[in-house]
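Here chain A shows up in two complexes: once beside chain B, once beside chain C.
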Partner chain A sequence: MLSRNPDDYIRDTKTEYHKLQRNYNPSIHPFEEQREYVRALNATKMERIFAKPFLSDLSGHNDGISCIAKHPSQLSTLVSGSYDGEICIWNLPTKTCTRKLIAHDGHVRGITFSTDGNRFMSVGDDKVVKTWISNSQEMDDDEDDMAPINTILSKTVLTSITHHRRDPLFATCGEVCQLWEETRNEPLKTLQWGADTLHHIQFNLVENNLLAACTSSRSIILYDRREGKPLRKITMTMRPNFLSWNPMEAFSFTVANEDYNLYTFDSRNLNLPKRIHENHVAAVTCVDYAPTGKEFVSGSYDKTIRIYEVEKTNSREIYHTKRQQHITAIAWSLDNKYIFSGSDEMNIRIWKAYASEKLGPLKPREKDAMRYNQALKQKFSTHPQIKRIAKHRQVPKYVYRQQDLLKQAKEKEKRKETNRRLNSKPGSVPYVSQKERVIVREDE
Partner chain B sequence: MDEIKVEKSEKKPFEHKFKKFNKSFQKHKRFNNKYRLQAKELDDKQIKKYQRGDVSVHRGKIRTSFFKHKFLRQEQKFNFASKHSARAEILLNEGEGFIIPDEGEETIEYTQDDIKKNVDITSASKSFNLNLDFGPYNLNYTRNGRHLVIGGKKGHIAAFDWISKKLYCEFNVMEEVVDVKWLHLETMFAVAQKKWVHFYDNKGTEIHCVKKMNDVNQLEFLPYHFLLVSGDDKGWLKWLDVSIGEMVAEFPSLDDKITIMRQNPSNAVTCIASAKGVVSMWAPANHRQTLARILCHPAPLTALAFNVDGTKMVTAGMDKKVKLWDTRMFQNPVAQYHLNSTVHNITISQKNVMAVAMGEVCEIFRNINVDEVDSYTKYLRHIELSPIKSLQFVPYEDVMGIGSKNGFSSILVPGSGEANFDTLEQNPFRTKLQRREHEVKLLLEKIPAELITLDTSQIVNVDVDRMEERFEAKPEVHIPITKLNERKKARSGVEKSKIKQKQHAEEKQHLLKAAKQEELREKKKHKKSQKSDKEESNVLDRFKKKSKK
Partner chain C sequence: MSSDEETEVISSSHKKLLSEINDIVKFQHIKKPKRSEPAIKNDEFHLVKTKNLLDNEKAEEGAKKRDKKSVSIQSVANIVRKTPTQKKISNQFQDTFKQSKVLNKPLEKVYAERIQRSVGYENVKTSLSRWDAIVTKNKNADQLRFPIIQEKAPVEHKKALDFSQFRYKTQMMKEMEEIHNQCFPKLSENESNEPSSELLTLEEMKERRKELARLKLRESHQIAKKRLQGKIKSKKYHRLKKKEEMKKKLKEFEELKISNPEAALKELEKIEKERVKERASLRHKNTGTWAKSMKIRAQYDTTAKKELEAQLALGRELTQKDKQSDSTDSDEDEVSTTINDTKDTENPWLSNNDNKEIDPLDDIFSGYRKFWKQKNENEEALQRLKKASASNRQDDDQEQEEMSLHSNQEEASIGQGSDSESDDSSESDGDETNASNFINDLFDAAEEKIEEKLESKIKNLKPHLMEADAVKTKNHKETVKGKKRKRNFDVNDPRYLEFSRETKLGDIDEALMEGKETDEREVLPPSKKVLNEIKTIKSQKKAFMRGTTDEIDPNAFLVVKSKHLITALPKNQEFDEIDEEEELENLQSANKMSLAEAFENDDIIDDFVAELEEEEKAQQKDDNSVLPGWGSWGGEGVKNVEKSKKTVPIVKKKDRVIINTKVNDKLKKHLISALPFPFTTIKDFQASMRYPIGKDFVPAAAHSKLTESSFVTKAGTIIEPMTEEVLVQSNTKHKRKKGKFIKRKK
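Here is the complex of A and B:
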């Protein structure tokens, strides 16, 4: 005979938690699947309600932002360069500019941190590589601090700079690719392939002797620091603007292209891109990987930022604001929480990497609830109603219209090809996949 | 008969007797060290209780290793979950137990007084009688088993906490009361009166009168959907969403008059037992059609009941038979019993104890072997002073409520209730604050009425029909044509040209097909857009002549 002692079920004092009695027998939990579905639907709606990705902006530059560099060990420091030759060092928690350096004549083309993060180098249109102290604590408004600790004059134009992950070594590019040691004023090595001008270069973060550069003659060149010659070159149909190595996968990198798409390559098999990432409606100008290597963020001339999963064609997220102009620089913070975007209208914006994520410390129960919701969303993600809500994004009118136009153009192309195939000798119009079309040729 | 033993949920073990009667009981004895060790070794039966269907996927048919791995991992996860939920049984507080008769005696001989004498004081206080003059009485317990509302035919309504005997309200509506039902919480209940359905709060204040539900005979409340279902004199079924006050569906059933209506608690399908001997099942969103119709008895039906997990249905008819059905397979009854008189009411408890009312007599059956559905034997008998009108087992208690012409009585039925409740589902000991939080959660998790179907797991299954439809709609473009294997033997020019012609024709056909499909799709799109244009309403439409419907 059942006879419960209330003391076993009622808390003793008001300060205690209520006693929790669980019985997992399925028969006293009816409608399990349906209730889970409703919960998943609610969680999805909640996610969209709380999706407020824009956090704040950093204003202080007097011209458009040209480049952004992340500090390798400090999450609170960010350095940015602008078109008027100024470099700002930002303190992110206080959202203030701690130092402003008049660095170059003309554009600042590239900034890179040294391995320990104490110094950073910048290149500009004035053919100079300048090394600066980044540590803002030591600064007392002395004029010495406002001056570079080292200046190297280069003989050629400089367009980009990248530092080796471990060694005191950096590479610049312009008319040629040059490798420098920090302590020497002459390049260690000069690498060149044809008469191409290079506009962006980056060191691989894992296989750290590898380098990749984008050229203005629509090609991507791979270099090895230990070799005397460039390794490999692929030519695409349109110009690659920017490139970013995957920090977790030594062999893959993503290229932001002028043809509105991004391409992820496997460096072991360059004749076909591994994946095409669509959805931008103007030239993609910059791209940066998340530290997890599973996602990357891209900025475009269409004034929007998109976040892609590496394995997916379509973006998972689009960020835009009314006043944001063409995106010129982008960075994904090393704690995988924030995205920094620099744009033409002199602002650096801080976004959340996951739009509906709650920032700040979470209680264990909160964490559990979030994990549970995440699992539910995942479980029911293919249900039409949930999918529709999760996928829906408000996009600016011009992007919306442009998407439609691009879709029409694509369909037209397809139709035209079918017609051509229908009316010509069989086999004369071969089937060529989109991926094959992008690569013009591969040289060794 | 000098003394009977009633198993207690507490710590003193009756080891040898448990072994004799209920082997599964052993695992509940967490305080017995000997058994605690045993509980760690789980048998398949225990684990199976926590499994949701068959988890093993036939992996031979999966082509890629990626998906093979994925399904394997999924299977492992499911197994892990069910195993650990089974293992968590040792944490359960209470155990259940039936009456163990002395040798040479049978449980059916025991009266309520005998049982009352042999149980503890708190349990004994749960057995009581109320002599009331406004009978016959209908009754309803809340889902946590704590609160009771009774409604006499002559208008008397009382709501109270039946354990502490605290009265919430008592009044007379001065009108015939047909049925009473608690809504989602103990703060509100619905009463089907002579004309309309009225809602009262637990202070007895009338908060609502639903005039759309008139001449109602039976009320049912679907707690997870917030739907109040009514079956009326004219055979109409009506579903009212009590959270937003909207009628979800109303349509006539196939019967002229609805007198017996029950819900299947596992899938919220409303079932009507008719005078034709047929049980019909209804859902609000099923276009006025039955989900199923089962001819149960060749005589008018008199009672209908479902068990908690909805796998069993019990029907009784004028032919004095009681039939037990498996709700997943309706071809034949699983078991049938012939009784001496017509059964007027049936109810099944959480632990599948079945109570049957025949006039003044109430007989209680229990399932000796849990695995065998048809092993019902007589357990207890109770005789009221007047004809029994209604019966209900109290959830999470070993008690049954009986409403009769002379009032209400609460009797002890050891082993009938679920011993261990889940606080997140139902909590008999909840505070006001917890109740409020629970209400919010319930509302947030309200299941839409459209999801009421026979199979609740349909929502997580693959919609095969629609998927096939979608695959068919996909145009077959971009399929490179495979070249015919050319024989190495030299052919004549005629043969070669024939092969070429054939190839060309094939390719052309292929492309034409693709183009045609494309065209069709375009047309469909065009039509759709035209349609949507047409449907757009204009402000001036109101001046147009309305077409007669």
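Here is the complex of A and C:
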């Protein structure tokens, strides 16, 4: 007869969990692997069921979004500029535009926050750098509030602006790269290499004095704030549109390129990209790193957003909606939870960074279950069924078709090359890797 | 006229007015806009030429004038030379004039800039390389917690000046101070000023507090544990514990003898004293040599029993008196404290209640009888063996043998007792040798048996081991080669820090399935397809040659089924390898037994036989069911084309086994067809799969460790980019995590 001590299985109070005695002897769990497989399969399916990344949109602009800036110390504030020269300051929890500033004639080209986040600067097509107070609270319609606290007229065209992480310094680019002090109206330093226009510049977040800029002559230039001259230039086969430094790795940055790919570079070894990130089917226009430095998000002209892991070639996720047009600006929130995308059709969209993540506080058991599911998914990720379910995505028709076309084109290229190799003198057609092919030259 | 006058008047007044106005407005009130910023780059258009440089002639004249006015160093040197005291200096001047050369023409701008750029880039490279270590560390970390909390470097707080020390002290004050110091001597330096506490940052203080709390908790745990241990009544436990402690002490003593002989001598004296005290106490009534021999004799001799009882009664009386007179308590306390570690002297719960060792005589006898009985049985077994080996020997009297054995034991015990007394002062050993020798014999026999078994097993295992060794050495050689190769890496190379991680989890990097879903086989180019087919055919052939597919031995299945043979369990759960086979055999036999026993009433064996027959019949039916003409054309001249039967793997029929030969198509698609990317061997992959991570299969701590996510973020917290403080951060954290011995899979 079985007799058990009731203390072993009866809980003391109602609020306690039921006690469970377990024997971990593996010989009495002969099907543990199979059971875990089934659990993993279910977890994968559930993940796909709950994958609803789109949260909401911020509408209020009257023209396409040209740039987005994150507040360095407030998660609830976002600033965006549009093609008609307006700047909106958004309150994210309420999803409202708290202030609308008529900032520039023509496009707002770039916005950047000061170190403490109390001010932000914007540049536009009118060759002006304007400094604003970034108070997100709603203000009266006084003239003072709507006016910038400082205006600097530049002699050259300005296309982008970036602020130093610690010092009251910022850099602009256009015809030349200029370094400014916040309190001065003249640039501290002007750096120039060649006569081409620079269209994007960004300060390194870790090694604070380093800068990188993209030029219209298909090249990337590295600057140091302290040096009198630029440091290095590489020229690629196609134009780099945007670049973003990794906030957790001082030396690596990712470039969004016109040739549908993204390239991650080690700035110490610029003649070869560390990794090529594929899958977009049109020019990649913008990229932003997650604050963890493990992932980044990119927006493209193909109207989709893709999330990549830094170490991987293929994207982990694709986001799209029916009415979303070309993505022009993208930002990953500083708490690693949300993604903001600005697109041509005047909307800013808020997405979840992890599509199936449950928002809000979780109970410990819930948390544990999530972690277990995550671990299971990773453990069995190589199994065909799980892989199939986890990797399947419904995409817009144009992306679907374009992918096919691109595949064909790639295969054609490959075939052609092999044919040429077969029909020419051995050794005359060398094998060149994709990575090598991308870089045209490196200038000292 | 009038008009003229008027105009004149007007003009004069107007002029006056104008002049007045002019007087007022002598200078402009509105200033021209100016730029106050210091301009770094001067435009050439803004440059103003000086007056002297306006025309060349004037300039030349000016230069001459200046030359005349200015004093050249040369002339000064010449003048100075005349004075003998300054001669040295003038010589130095001359030398410098001789040595000075015209500087080289500066490099062309293009090249100069290139050099500047490359130097700048090299500088940046070196400064970027500082981050290599931390980046690699984060990459290989089991888990990263964001935001990464960075310790701030300790900031020295300047001590406020103590002005009291500058105060003038009167004679009276000095005397008072002296007296005060005599009465209350100053605290030791350690207590009086703690320099470290002032340099601590908030984080460090917190850390320290945490550490202290942890220590306190541990202490309380320890106390609770000891308290529980003190409550344990088992005599055996205490005996063993005592022995262990004795051994430990002895070891310490040996060490002390080498390191500090004087202290050791003192210790020896102390031990001797304690021993004497212990002997003098009335505790060892039935553990002495005499008592033991009497006990043995008491089994056969009633007088001996009586004698012993009388002795014990006397002892009891004495102890009772002792208790009343209270002296024993303190004695016992002392003893217990000496037995315990010096650390625990203050712990009141550690004192063992040795009084309880006094127990009724019958109890001892019963225990002894048991032991004796066992001994007798062993003896019998031995005899039987002897009989079997040499049948001609006569049976001996059991008692006689026992007696002889006993005497032998006694002799041995005497010898050992003297030994023990000479080399150590352990009283219990000396007393218990009589019994322990018997036990030792038994243990020896058991050990021999085990050894024999082990040897046989090792013999069986040796060939396998040899193979494994060969593989190991090979591997080792390869790794050595790899190391050599690795050593060639440049230290400045960022790859220098990287190390190959053991692949324990699948890490697929594949595109999302957005396009047409194609089978993997279709994706492969035709040449590869053919290759694959060839491979599969070859493997099948091989299998046929080996005959693995034909014959399936159910016993082999059984062996495989015992999962713990192959599972890579966490270490604490691992089985003793030696016992595994035995266990398995036992298990099997037990299973057989239980099958028959459990279904005694159900008669399942008959049922099974019936089922078997049915199955066979069904198969025969299938064979017969193929009728000519069914499903095909019939009539004259039509050949009977045999239908291609489904190829069913031929399985050799075994008695009493029904083998399910149906292939489960539903299962097929869940199986892996090829080794996934990061794995290089099937073994690795299988190992990664075999590891259970669920709560149902592994303990909670292991579960939480195994399911850790690779990074953790806190909701609503901003993750700042890395700062340089990481580079100077001291690694002084004492984080203790649960399940720290469980390595997380990566």
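The working rule: the second predicted complex is superposed on the first by the 425 of 444 C-alpha atoms of A that agree within 3 Å, B and C clash if a C-alpha of one lies under 4 Å from a C-alpha of the other, contacts with A are read in each partner's own complex, and residues count from 1 in each chain.
Basically, a contact is a pair of C-beta atoms (placed from the backbone, for glycine too) under 8 Å apart; a residue touches a chain by one contact, two chains touch by 3 or more.
Values in this document were obtained by computation on a predicted structure and should not be read as measured data.
Superimposing the complexes on chain A yields a three-chain arrangement in which chain B and chain C clash. Once the two complexes are overlaid on the shared chain, A:39 sits against chain B and chain C alike.
Of the two partner chains placed by superposition, only chain B is touched by A:422; chain C is not. By the touch criterion defined above, A:18 lies against chain B but remains apart from chain C after alignment on the C-alpha atoms of chain A. Contacts of A:313 after superposition: chain C is touched, whereas chain B is not reached.
Legend: residue contacts after superposition of the two complexes on their common chain; A:151 is shown touching neither chain B nor chain C.
Comparing chain B with chain C, the partner in contact with more residues of chain A is C. When both complexes are overlaid on chain A, the residue A:96 reaches neither chain B nor chain C.
Touch criterion met: A:27 reaches chain B and chain C at once.
In the superposition on chain A, contact is made by A:10 with chain B only, not with chain C. In the superposition on chain A, A:325 makes contact with neither chain B nor chain C. With the complexes overlaid on chain A C-alpha atoms, the stretch of chain C that clashes with chain B is 582-590, out of 6-14, 132-140, 582-590 or 726-734.
Common to the chain B and chain C contact sets on chain A are residues 22, 24-27, 29-30, 32-33, 35, 37, 39, 379, 383. Listed in rising order, the residues of chain B touching chain A in the complex are 6-10, 49-50, 52, 85, 88, 91-94, 96-97, 119-120, 122-123, 224, 265-268, 308-310, 350, 396-398, 412, 414, 417-429, 431, 434, 444-448, 451, 456-457, 459-460, 477-478, 480, 503-504, 507-508, 511-512, 514-515, 518.
Contact residues of chain A toward chain C in the complex are 22, 24-27, 29-30, 32-33, 35-37, 39, 72-73, 75, 165, 184-186, 188-190, 205-207, 210, 222, 224, 227-232, 247-251, 266-269, 278-279, 291-294, 311-318, 334-337, 361, 368, 371-372, 374-376, 378-385, 387-388, 391-395, 399-400, 403-404, 407, 444. In the complex of the two chains, the chain C residues touching chain A come out as 35, 37-41, 113-114, 116-118, 120-121, 123-125, 127-131, 135, 138, 144, 146, 494, 505-517, 561-564, 567, 569, 573, 669-673, 676-677, 685, 688-699, 703-704, 706-709, 711, 713-723, 745.
Across the complex, chain A meets chain B through its residues 1-4, 6, 8-10, 18-35, 37-39, 42, 379, 383, 415, 418, 421-422, 426, 431.
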